[in-house]
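A, B, C and D are the chain letters, set down in written order, and residue numbers restart from 1 in every chain.
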Amino acid sequence: MIDPTTIEAQNAARAADLAADYEALGARLARRGLSIDAIKAKVAAYHVAVPSWGVGTGGTRFARFPGPGEPRGIFDKLDDCAVIHQLTRATPTVSLHIPWDKAPAADLVAKAGQTGLAFDAMNSNTFQDSPGQSLSYKHGSLSNPSAEIRAQAVAHNIECIEIGRAIGSRALTVWVGDGSNFPGQTDLSRQFDRYLCAMAEIYAALPDDWRLFTEHKIFEPAFYSTVVQDWGTNLMIAQELGPKAHCLVDLGHHAPTVNIEMIVARLIRAGRLGGFHFNDSKYGDDDLDTGAIDPFRLFLVFNELVEAEGRPGFDPAHMLDQSHNVTDPIESLMLSASDVRRAYAQALLVDRESLRGHQDAGDALMAAQCLREAFRTDVEPILAMARSEAGGAIDPLATYRASGYRAQVAAERPAVSGAGGGIV
Amino acid sequence: MIDPTTIEAQNAARAADLAADYEALGARLARRGLSIDAIKAKVAAYHVAVPSWGVGTGGTRFARFPGPGEPRGIFDKLDDCAVIHQLTRATPTVSLHIPWDKAPAADLVAKAGQTGLAFDAMNSNTFQDSPGQSLSYKHGSLSNPSAEIRAQAVAHNIECIEIGRAIGSRALTVWVGDGSNFPGQTDLSRQFDRYLCAMAEIYAALPDDWRLFTEHKIFEPAFYSTVVQDWGTNLMIAQELGPKAHCLVDLGHHAPTVNIEMIVARLIRAGRLGGFHFNDSKYGDDDLDTGAIDPFRLFLVFNELVEAEGRPGFDPAHMLDQSHNVTDPIESLMLSASDVRRAYAQALLVDRESLRGHQDAGDALMAAQCLREAFRTDVEPILAMARSEAGGAIDPLATYRASGYRAQVAAERPAVSGAGGGIV
Amino acid sequence: MIDPTTIEAQNAARAADLAADYEALGARLARRGLSIDAIKAKVAAYHVAVPSWGVGTGGTRFARFPGPGEPRGIFDKLDDCAVIHQLTRATPTVSLHIPWDKAPAADLVAKAGQTGLAFDAMNSNTFQDSPGQSLSYKHGSLSNPSAEIRAQAVAHNIECIEIGRAIGSRALTVWVGDGSNFPGQTDLSRQFDRYLCAMAEIYAALPDDWRLFTEHKIFEPAFYSTVVQDWGTNLMIAQELGPKAHCLVDLGHHAPTVNIEMIVARLIRAGRLGGFHFNDSKYGDDDLDTGAIDPFRLFLVFNELVEAEGRPGFDPAHMLDQSHNVTDPIESLMLSASDVRRAYAQALLVDRESLRGHQDAGDALMAAQCLREAFRTDVEPILAMARSEAGGAIDPLATYRASGYRAQVAAERPAVSGAGGGIV
Amino acid sequence: MIDPTTIEAQNAARAADLAADYEALGARLARRGLSIDAIKAKVAAYHVAVPSWGVGTGGTRFARFPGPGEPRGIFDKLDDCAVIHQLTRATPTVSLHIPWDKAPAADLVAKAGQTGLAFDAMNSNTFQDSPGQSLSYKHGSLSNPSAEIRAQAVAHNIECIEIGRAIGSRALTVWVGDGSNFPGQTDLSRQFDRYLCAMAEIYAALPDDWRLFTEHKIFEPAFYSTVVQDWGTNLMIAQELGPKAHCLVDLGHHAPTVNIEMIVARLIRAGRLGGFHFNDSKYGDDDLDTGAIDPFRLFLVFNELVEAEGRPGFDPAHMLDQSHNVTDPIESLMLSASDVRRAYAQALLVDRESLRGHQDAGDALMAAQCLREAFRTDVEPILAMARSEAGGAIDPLATYRASGYRAQVAAERPAVSGAGGGIV
């Protein structure tokens, strides 16, 4: 982790400007009847999980270009995650991926204790063939025509639950790549039935206080059909499995032009919004940094979440899920954690009473302005103050670079050479 | 209607070639273990409804370019529909749109009797302000914030049911344009709640032997959000309303790249597939002739339907819903009725036992070939023979042109001048 | 126009807050090495044209819902445009559409003089059949197979040039709906050749100091192919016609997910960027208020324009082109004019020297941050100060509402009843 | 290669049925005024290249699932390619990818001689870091800000030309993944300038009788911008480089809903259509088997090619470019070669004189029918007869399976274990 004196020194150089900016913004918000301190308090209490795999450099099917200091395993990954939380104070939990992060539970718990982190949802992996695995998922996993292969995939998910119980997790996230590349390759109905049967076995193994998150995705790695292709299918799954089953929304898993915030609103109404995998995308499941492509869309999602705050049973899980192909993953995750908080803060600024008045009066323009004015408010001083007061960095990026952390781990961790992706 | 001797003369000129083609195809299918006569019988029993509004020239928001002989009202429209059925023997029912087609029930029934037609689902219209209407739907109809406006829209739908009862219809189709053009303009959740409440009132007025079809659409006329935007929302509606409520799938109402046949499969599994509005599209709700843009996609939809044939309660309604902007609407509807039958015939050719074998064996290539070989079989001789044996035309298009029907009605019906669309 | 004392009174109530906000923002920008006054000066000098047709309520093919005080003709429209400019000081020119706005040139010039407006690009209309027109554009206009129809369309465009010369315009914008609804309906190559020949005749009639803008669009009103479907075809047209021909970019005329700012960059490099029709869209050519759906995308377009500022010959035309279906068109146009200026102001904040340094160093994250920080700066105080100093309104919307202008014109102009769009 | 007696035996079992089908189809075509033999002759003369990398199992960024008998290198790949050509008689040439296929030229030429194959276009690879490469392409290759990296990429391309000269190739295909993942990461204009400069150096090294093909792609592996993102940019490149430069169209490289056949028509008119990478896709660059998703679209592309046949200088290159993730690559390539020929045969059936008549008469429906009737003709007997007469297999798939080739090479070539894609 980073030497606290580095953080203090970096903060000291920025404290006066921050105080001035915070005060100016506070005055402006006060004119709108808003308390900047109240918003800051809500922002400070908002956390988002980071995925263990996010701290490694990602790639495409064409290539992967590793950076210096790639983590060698889960313990290195937890070190990197700890830095992210240390500077942002926004990411106290880490989500593990099995078997990538398999390790003795006691060691994981001990490491978490040392780094001040806890464990978020567990993630199973049946979209790859893992070393030592007896049967292949080439033609599907939980929906495979073969009962043996389905059983193997179910057993793996149950193992993930068991690992999770041992380390304090409370949720299992299931994403499968099952589907087909050609019309006819699978029977769309029978494949879904097999998936549901397998999921029912996993659900049966779920502890009472756990939640099961299923994730839909329109395409990739299957290119004609995907068994859980959209939120409609995802909702059917949750309804079939039971009350502990909820739908996870990954922002990059939808068809072009789809209105994602409407899906969020619908799942909230159905009582089945499990949570989010945050990232951004322009074309497909691009897995870019959250808010990098369409920050207004991210704000609109949070507008729905703030609208639903306080409803009974409303408690979605929040996680970043990005592929960092050309940036330092720690930097991207720190900024994305900030950008999620930014969208939340902006959504908190919306004057909901006025908004409803305009909506009910058919004043489309003023209603739209309510959201647009909230969105274009620069809430960075609120975010920075919340970090600073919690012991984090006013400017996490500058502080991280000043710390020399990347160079330090690059010296300890062996260099990884570039390699092709899936195409060869 | 067209003089039967015209049909006979036209058929006579084509009968020998048809017999030869039918025999050659029969021999080829026999080699695959298929009986051409059995397939022909199923095709002959397959019908698709035509929409009354489809026989008039359609337009865009930019312009409408009427053709000669535009129908002046519902009775002219029924004449045109009768010609379509006379030549194709595939379209015995007509779907009415209220208030466009409002007329004394007795007159409608009498006209239907004369033309040999019956009435399919009723369609309400709350996406326009009709002459004499007291309150405007500018800001929504069934989901409008105003209780008075919602009540007006509900009453209109109930009136549609009443008209339908008087003329022998058994279903109501509800499509609304409600939504919003700007983020914030409506509360996505409250708007949906209002829609559901209004629909519950309509549902309560539904006779026991009727079905209620709700139709989803991603966009247009609303350009940011639409209250029934996709099949997921549509399914929630059906689940909320009750067992008589089903989801209607219009092939042009989905986001780009969406796999429509999967939606069909899912709705079948949910027991909520109400039926179809057939057309084709490349970009949005283009409302082009069925099969004109992607005939393989149409086949894949029918592949799901044939797969589900015979399941308890499986009885989807089939209707064409197209906008004929540059063709003679009668010609387009005749060909589209044929093309729907074509897709059905091709789907009947699939060897389902082999298909399942390949699917279960993970033989993606052979499974895909099962569908592709069925699709590329030229089943025109089957369609033509089914028409001919039922008293229709071997070649409906040539026969229609030979009949002079369009010139005849153009002489009777006054010319309509071109006009702008919605933009001015 | 609006009584200046209304503007003064409204501004007086907001002046102190504006001064404080402007000062606070100025201090913050000064820290980044930026002069707020210099940016304000550039913003104040930035203007965007309004389309005459934009001040009427728009519609879709399904319906049009007029509002109170719809303009009865071009002179009412110019009154409305004058109000927009009076309050925003951003829209000194109006773009006319022929034949919609046809009127004696002297009267147009006189009215412009009275209202303080001038005339921007002329727009021809061959996508509708106008009353009295002898030949129909149902099957195309400038690319129609019929030489007579093409000649009629060419003559109409030349008439537009002549009207434009008489009223001080310096550009002709040509957008056609020509294309096809079905594969095979037109020969894609021969249709394009015909279009090019017709355009060459129009080009030949263009005065030396005029520019010709051609506009591409992926679809609508044609739903299979459009003769000028994308910027590649548009570029070929400009190259074929000559140096006065340039490509116009309408933000809503592209395929889903297309990177519009790249197109802008490419057309700049080719020396053929004619200008913009600003609006916003989520699905198709939605013609929503500029920046309403994706404000970051608008900013990225302006980022390219600021990057290119000062290059020899770089002088794109800027116009709003929106359809106001659910808002008061004057209000939408005022806000959109502001939002275009907002994007320009934000783009001016980008530290281009730093940006290039990060780009050349492969520091993707810092480069991206350069743009994101500029975008999230709330530049409203700059826009308001620029308006206020030019005699406009600090808050155009509140001032407009306070003025009672809409009620006043609604009293003078007869109510228009709702009507169907193109579908019936 | 496969024992000729296997082919003979397989053909013998199918010859009678083929003769009957060919005769029946011939009679039907004769009625339309078409000679089946003339069409067969054109089909037999039509060839499509296969890519060396296509015979290995492909993958995604998530995983790759190898099959039995994966080729160990270029010589195994050429063996597999030889089988494809032996059975289909449609694929006499192979396209190499450097450095994947690097080998002594004399050995390559010798192997080609033994297998009866020749070499098609050369493909360079600067989208991966190859073992031993000194500088990384992480931030771009031909458009990298670093002159050294660009020089390395240029040198690699020139090496590809040299290898190609030694083995009889006559074209270089350049596809780069260069672009950016975030707005601001690169300067869109300067990056394109750098690309053009680098390409000019490659162009200068091109022998006089060679062609240079550049390939556009909307996204992947770059997820915000791609330097050659569409055909418009591709055309600018060809215009800038010179007459030997042409644009390559990969069917899967476009934005959703884009009309690809229009792009083909435009590039033909510009004299810059270099050729094709055939495959099919539903969502992105899915690289599925040609014609598997939208066979009508493939037909429409060939309709443009047949329309342009015989124009001076019209000579596009045809190649398959697919990723075979779930099928035996040899089987997919054989069927795709057939499907390309199928689309060509169908396009040859179009009655172009009638088509033009309908087009010029504004008879949209009959024009569309001309294409649709050609498309739905089952031309399999023509394809099979062409293969059979050339010594290939009437049914390549059944013959291949009967031959036991895959089992045989699986016994010789070591098994490859599954592995993750680019994400870990």
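Criterion: a contact is a pair of C-beta atoms (placed from the backbone, for glycine too) under 8 Å apart; a residue touches a chain by one contact, two chains touch by 3 or more.
All figures in this text were calculated on a predicted structure; none of them were measured in a lab.
Asker: With centres defined as the mean of C-alpha atoms, identify the chain lying farthest from chain C.
Answerer: Result for max centroid distance from chain C is chain D.
Asker: Using only Cα atoms, superpose chain B on chain C and state the rotation angle in degrees, rounded to the nearest 5.
Answerer: 180
Asker: Please compute the C-alpha centroid of chain C, do the same for chain D, then give the distance between them in whole Å.
Answerer: Averaging C-alpha atoms per chain gives centres 42 Å apart.
Asker: For chain C, write out the residues touching at least two other chains, lowest number first.
Answerer: As it turns out, chain C has residues touching two or more other chains at 138-139, 180-183, 185, 218-219, 224, 256-257, 259, 282-283, 289, 292-293, 296, 326, 364-365, 368-369, 372.
Asker: Chain C touches which residues of chain B in the complex?
Answerer: Counting only chain B, the residues touching chain C are 53, 56, 58-65, 100, 127-129, 131, 136-139, 177, 180-183, 185, 218-221, 223-224, 256, 281-284, 286-289, 292-293, 323, 325-326, 417-424.
Asker: Quick check on the complex: what are the chain A residues that touch chain C?
Answerer: Against chain C, the touching part of chain A is residues 17, 20-21, 24, 27-28, 31, 256-257, 259, 282-283, 289, 291-297, 326-328, 331-332, 335, 342, 362, 364-366, 368-369, 372, 375-378, 380, 397.
Asker: Which of the residues in chain A come into contact with chain B in the complex?
Answerer: 138-139, 145, 180-190, 192-193, 218-219, 224-225, 229-233, 235-236, 254-259, 261-263, 265-266, 268-270, 296, 300, 303-304, 307-308, 355-356, 358-362, 364-365, 367-372
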